[in-house]
């Protein structure tokens, strides 16, 4: 296993970057303004790119520098730009009347993080890696970002927030994969990245259709199909 | 890698991209349908012998990123059957919409969709398989939303969000499995299906179980197993009928591969009981949900969609029960479902287009409508609920036998009860539609053309033949696949 | 021993004498940031002197609790500087009477007594003030407890001196995620406990008051005692924030008078920085509606949970 024995400073750096990404996911959860979501997502992608670069430095995986750069450019700049493009056409600027207000979802999210911590400790205990700080942290943050992404998909009703929830899901997996499996073949990581771009482009087109044909991008108005 | 195999593979996977190119170049609405049809028929011709030629080998190429084995070839056969039938139907159906300038786009997307489904079984790497499934979602979303109405766009949006969220779970499972494997095989290796099966016994059991369950839930969303099926009735009912047939008959099988191949790895690792147990529970739950929603259904296409949920549940039960009878039954069921479901959708599409309504309470007295095809539709209904002498009866029988052999008594009894409930509920709708009422509703559309009625004949005939005759060649093929599972 | 005793007395005197200066600094800086002149830095001293020279007026319906509360509040607040590192970074005698949790509890005791006194005289505004400030306490106490839990997990001890040493000697712990999230969580708590925006602003309109409404019945020296107690509480919270968590440097290590004087200067500089930060936070925000107070507090709760998670139990 790669990162079971890191120096204390490196561990602190890893911790900082991963928990910072988690905190940005909470910023997305606790805010009402759609533009804030987007900026938080962009900042989170930059943090994860920095994490990739750290993994490349401390683990001697030199191809990860390229992955870090591409993440910063594609996930950190291009995707937020595309989402901004979508946002400009929308009439709504913020989420009102969600199913759970932002402060409650913050507290609920905190409980999800504790759940993820429990699962991560259980897994690493079974693996015998319980002493390794970074692995447990990576697993915790990966699982909790997934749970928070799903929470965002559930309690938000705006189309753009749901897109961002999906992107947070993907970001969480990417963060986990950088620390847990840094040696994964580069090609897979790159193709997943491009696939994400195509997916967001499709989302953009669909949001435009939603505006034109359904008249609103909120899922509160999409209740025609039941049974 | 023999030459025959290479020719067959190229013949299966190349016509669809060629069709896309040709459709984009020649945008004449009268030609694009024919181009697609020729491509689909070519694909079918080359795909028919493919499973038998592959036999028990599994050759790989492109540095192990692509491969072909008997199971994948079988799925490709099912996909090409549906592709061919739907292409014939689309010739007659799509012209009824009255928007000929959009047809080239439709057929390009249609052929692209078929191509992604044909390529997915060929992919060897777990991560690349995820990408292939994601691509099928992206392409089919635009097909589901093709009719640009409020309901269609809503269905397309629900489809893409739910399925993308679901399969992100399977990406998490893939990462966890890769991590578990990297403790044995080093940080960089190619996680192919075979490597997964090899490494599984040496992986940590907790991680292996967690990874498998995540893969099951993730790809189960795509397959339409309950409780992840919520996108399915919307997407299958709101797309144009040829698209519904493709989604139902072909895509669900392709996604099932993502569950069946890791199941093999779990068996290898000795964790089979957990995997099979969960699969059986999910299969039974799908049957329950399908039964409940079929009984009280009003929309004819949603009825067919819930029937898809039911059949995917049966296939899951087949693989869950395991053993030679279970696997053979599940594979046969895949093929029979791929033939029967388009038949049902075509009949429903004809009725909807002719009478302008999808409400089954208003479609009455249909025995006076479409002279011959209405009886084909009824035969399809009888077939799809699993009655003899049609093929689905044989496959369900095999699965039940497998359940009894595997000592899953309770599951078998529950499955039987639910199948009977679905039989009664489903056929009740047809009884009311066809026999009840004296007069037809007012027709609002044209009589379905020749192309809309033609594909129903070979489908019904194939169902009847497969129900009466279990060819020896098929049994040999199934034995190859079953041996691959040991 | 004599120098230790001297240092201990010096700590308490620092808190007593310098807390109005901190309040004056914050008030002045708030006004200066908005380009007006602002009151003098020594204005709180003048206010206190005015209050202590006024006549004592007591409502007829008040009981012994009314008299006792300001005295007990001042005593409680005077006890805490004995326990925390104000000027020295080694434990002085009597500082093992309590740890961080003990300090927090004593401060809460003072607040609790003031709540009771507000209800004591039977005025409507007292009731409003008491109920609102109890609601705020309910929202912020869990964060306080979680912060203490996180500190204990980080340093394996509840004593503020141990935490201080740990942060000074080990930069990785200082820059680690646990510590930084603790700082953020405690900053939000600081804003809430010292009644800064977005929670509250000092307003003369009784309906909008939260904590001030509790002391509307007090006048003269008793009011002076209460105001001094609240200024000292603010000073103590700033001490904990700076000397224990954020900037644990600059404390006297030997207890020599020169060292103590230098520590006082260090404290002054650190407080200037934190005070400016608080002023900036106050100026850029408007006051939140009462029903939205849970939002910054939920964020603080979250930070505390993240700090615990980042620490790897």
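All chains are identified by letter, namely A, B and C, in their written order; residue positions are counted from 1 within each chain.
One rule holds for everything that comes next: a contact is a pair of C-beta atoms (placed from the backbone, for glycine too) under 8 Å apart; a residue touches a chain by one contact, two chains touch by 3 or more.
Model, not experiment: these values are computed from the prediction.
Engineer: Which category does the touching pattern between chains fall into here: line, ring, star, complete, or other?
Structural biologist: If you draw each chain as a dot and join those that touch, you get an open line.
Engineer: Quick one: which chain's Cα centre is the longest way from chain A's?
Structural biologist: Following the centroid criterion, the farthest chain would be C.
Engineer: Name the most central chain, where centre means the mean of Cα atoms.
Structural biologist: If one averages C-alpha positions chain by chain, the most central is A.
Engineer: Once you find the CA centre of chain A and the CA centre of chain B, what distance in Å lies between them?
Structural biologist: 32
Engineer: Taking each chain's centre as the mean position of its Cα atoms, how many Å separate chain A from chain C?
Structural biologist: Centre separation, chain A to chain C: 37 Å.
Engineer: Any idea how many Å lie between the Cα centroids of chain B and chain C?
Structural biologist: A distance of 66 Å separates the two centres.
Engineer: For chain A, give me the residues that contact two or more of the other chains.
Structural biologist: Residues: none.
Engineer: Mind pulling up the chain A residues that touch chain C in the complex?
Structural biologist: 8-9, 11-13, 15-16, 18-20, 22-23, 26, 30, 102-104, 106-107, 109-110, 113-114, 117, 121, 133, 136-137, 140
Engineer: Can you name the residues of chain B that touch chain A in the complex?
Structural biologist: Residues of chain B touching chain A: 125, 127-128, 130-131, 134-135, 138, 141-142, 145, 148-158, 160-161, 164-165, 168-169, 171-172, 175, 178-179, 182-183, 186-190, 204-207, 210, 233-234, 237-238, 293, 296-299, 302.
Engineer: Any idea which chain C residues touch chain A in the complex?
Structural biologist: Answer in residue numbers: 170-173, 175-178, 180-181, 292, 294-295, 297-299, 301-303, 305-306, 309-310, 312-313.
Engineer: Hey, which residues of chain A end up touching chain B in the complex?
Structural biologist: Listed in rising order, the residues are 1-2, 61, 122-123, 126-127, 142, 146, 149-150, 153, 159, 162, 165-166, 169-170, 173, 176-177, 180-185, 188, 191-192, 195, 198-199, 202-203, 205-206, 209-210, 213-215, 222, 224-225, 227.
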